[in-house]
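Structures are listed in the sections that come next.
Here come two complexes built around subunit A, the first alongside subunit B, the second alongside subunit C.
Right, the complex of A and B next:
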């Protein structure tokens, strides 16, 4: 069994928002970045995976099992970090840990202490006295301390400074060294994923725009810059989003379409994930 | 073993790695039978994705530079020196063809191009 997570034709509607038959899967041993603008459906998808929301249709398989029918078995093997803190605020870190740890069959106190050390978490501190970043670190320590095979991280880096984000990326790299762990990582800070992610799934307005190997994606698109005079209606039609200013234009284009510029003087660059996200979101 | 990744390079990262590894094998810094780091370890050290390092190794395997033995790791393949030399000669040949083409476009004579080469060789 190579697929650790499979999402097939999953639908969920709320008032004013619809997750539209989404599909993607994640293989064992790899890191997937889940990106998209705010409100695109990232958190909804993750809550559906975690069975915190009921889907309207479709199915979700984790470790080859149904995420609803086998919820308890599955969750024992998942390390989950949610955007917001879901701990009892009046408890200390140590007390909270004592409440959480019995739920996991493979809880590892030694590992937890190790992460508390790395993250600078003081066991006696009350959760309500922790900063947003420190609460996130506590969630991460919990998620990493029960030998989970799948880590699901929902915006884990949003409250964290660049120094800690960098440290977190190193920890995640270390986690996948044994080939058996996978990570699904949702974020809109795409620079965190630029290097570490093997796969990128991009969701916009409840639809999966693409889900593929990061390297392939980045090779399929180019950023072109040039004089706005070049932009005939015909050429504009072929581009995936254009930004114009007084002195020129910048646009995202498909590699196959790049030849339309062959007779023009333009600058071609590799896109960043952020540029791709911005251009492809504006397009719709 | 030194591998440097340039963010500013127009080459994709997987190509930068395979080019540099190929270079190390051609110069003999990496010798037949030498063990390479695992794709996961190399990805961790270079702080890039596993798929990227995997692709570099796969390319080099296809070209016959590397051999992966299941459960044991990836090794520099036992290929004879002649083959490596052949590879290097091919690179030089392609570059010379380019130079000749450029020279023709400029209307340079064979003798003039040879003179240029003589000067550069010194």
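Right, the complex of A and C next:
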């Protein structure tokens, strides 16, 4: 079994929003970046994976097991970091850890203490007295302290300074060195993903736009810029997220369709993940 | 489950002892203050009931404050155990209240010198009843909370709803469940039932014409609840009348072999009672059958299981009362003739707590369903 996470035809409807036939998978030993604009369905997808929401249809398999039927077994092997802090605010870090640790069969006190040192967490400090970033650090320390095989991180770097974010990327890279662990990383800060992600899944308006290797994606798309005069209807149809202004246009273009510009004077650039996200969101 | 209970106790922290000790000191010292020691036993019982009530509220408040239930549900914990642990904790809080009450009672009666004192020494049995009252209300609060995720609303709705339903829409309940065969209340009972149906019909029309967005299923669910309520009413009326079947047999004997011992006037009265009994039993029996068939029909057409649990929950107080107070009447009326009084008292007490066991069972089942189906996360 190579796939650590499989999501097949998952649907979930709310009033005014629908997660429509979500399909993607994550192999063992890789990091997947899960990106999309606000309200695209990232957190909903993660909640469905963690069985915090009931899906309307489809199936989700983690470690080859159904995420609902084998919930307890699966969650013992998952390290989860939520976007917000749901800890008991009146408790200290030490007390909070004493509440959480007995539930994980492979909890490692030494590792937790080590991460507390690295992240600068004081055991006697109350959760309510921590800043947003420090609460996130505590959340990360907990997720990393029970030898989890799958780390699911929902916006883990929000509120963190660039120095710590860089340190965290190093820690995550180190975590998957043994090739038995995987990470699903949802974030807006795509520059973090460009450093460590192997795969990227982009979701927009409840639909998966693409899910592929990061390098292939970045190779397959280019940003094209040129004069608006060359923008015929036929050419516009081949482009994604076209932006026009009085100086010209810019858009994202699949390299396979690049030949349509052979007779025109245009400029091409390699896109960043962030730029891809912007253009693809505009397109929808 | 032990880990969950330990975790919740750690969450409560100091409150686990501050609340009981605080209320204990308040109650105990209050009764020693001259001219203020007019504490009647029911006030004392209310104070002691506050211990489990406040502890339960504080526990839910902490879980609710930062949505910490979400954190719990991302951990490797069986959802059933989350529910069980809450009910076990509630039971534990009740025991804390009971122990505090017992100690306080002993202290008060030991030091009490009986001057200007209206304090009535509350029996331990009364104390336990007051404390189990909190359990009964808790059986409503916990599922309502799992459904709404609104803390104060759940406690308010649970307490008020429990009182309203017990009081049976205030007096309607007692009227409907009251003595029917011997009395002349048949007409008033029928009118009360028709009031329930009329109110349901008015609500149906208002919902249908004013709130057009309401789905058909919700209207059907509403009628299911009304029919389920009426079904349990008819069931209770049946049980209530069957309890006195022996009286019916005696009346038949009077009108038969022993008729020569009674006046014509008396015999006419007894004949009327026998006819009333036959007609009433037939009417109630047929109503029960028709209502049950209607419920089965609606149940078959149900699109999802949620409303089945909702109906169970709404019927919770009815079942608790039917299977408690009246069940021991029905099942033990013969028992007390052939067994000792002591044995009868034991059986009677067992039955009086049977409703609690059934209530706990239904409440737990509903809570587990709601938690597993993530209705409001």
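Just so it is clear, the second predicted complex is superposed on the first by the 284 of 284 C-alpha atoms of A that agree within 3 Å, B and C clash if a C-alpha of one lies under 4 Å from a C-alpha of the other, contacts with A are read in each partner's own complex, and residues count from 1 in each chain.
Keep in mind that, in the parts below, a residue touches a chain if its C-beta (ideal position, glycine included) is under 8 Å from a C-beta of that chain, and two chains touch if they have at least 3 such contacts.
Owing to the predicted nature of the structure, the values given are computational and were not obtained by experimental measurement.
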> Should the pairing of subunit B and subunit C on subunit A count as a clash or a fit in the superposition?
Replying inline: fit
> Between subunit B (first) and subunit C (second), which does A:73 come into contact with in this model arrangement: first, second, both, or neither?
Replying inline: second
> Of the two partner chains, subunit B (first) and subunit C (second), which one does A:173 touch, if any: first, second, both, or neither?
Replying inline: first
> Between subunit B (first) and subunit C (second), which does A:82 come into contact with in this model arrangement: first, second, both, or neither?
Replying inline: second
> On subunit A, which partner's contacts cover more residues, subunit B's or subunit C's?
Replying inline: C
> If you stack the two complexes on chain A, which partner ends up touching A:195: first (subunit B), second (subunit C), both, or neither?
Replying inline: first
>> Quick check on the superposed pair: does A:215 touch subunit B, subunit C, both, or neither? Answer first, second, both or neither.
In response: first
> Looking at the overlay, what does A:31 touch: subunit B (first), subunit C (second), both, or neither?
Replying inline: first
> After lining up the shared chain so the two structures overlap, which partner does A:65 touch, if you call subunit B first and subunit C second: first, second, both or neither?
Replying inline: neither
> Once the two structures are placed together by chain A, how many degrees is the angle at subunit A between subunit B and subunit C, based on Cα centres and rounded to a multiple of 10?
Replying inline: 160
>> So in the superposed three-chain picture, is A:270 touching just subunit B, just subunit C, both, or none of them (first/second/both/neither)?
In response: first
> Once you lay one complex on the other using chain A, what is the shortest C-alpha distance from subunit B to subunit C, in Å?
Replying inline: 28
> Just which bits of subunit A does subunit B share with subunit C as contact spots?
Replying inline: none
> Hey, which residues of subunit A end up touching subunit C in the complex?
Replying inline: 47, 50-54, 71-76, 78, 80, 82, 84-91, 95, 98-100, 102-105
> Can you name the residues of subunit A that touch subunit B in the complex?
Replying inline: 29-31, 169-170, 173-174, 176-177, 179, 195-199, 213-215, 218-219, 270
> Given the complex with subunit A, which residues does subunit C contribute to the contact?
Replying inline: 3, 6-7, 10-11, 13, 62, 65-68, 70-71, 73-79, 373-374, 377
>> Show me the residue ranges of subunit B that touch subunit A in the complex, using the header's touch definition.
In response: 10, 12-14, 40-41, 43-44, 47-52, 55
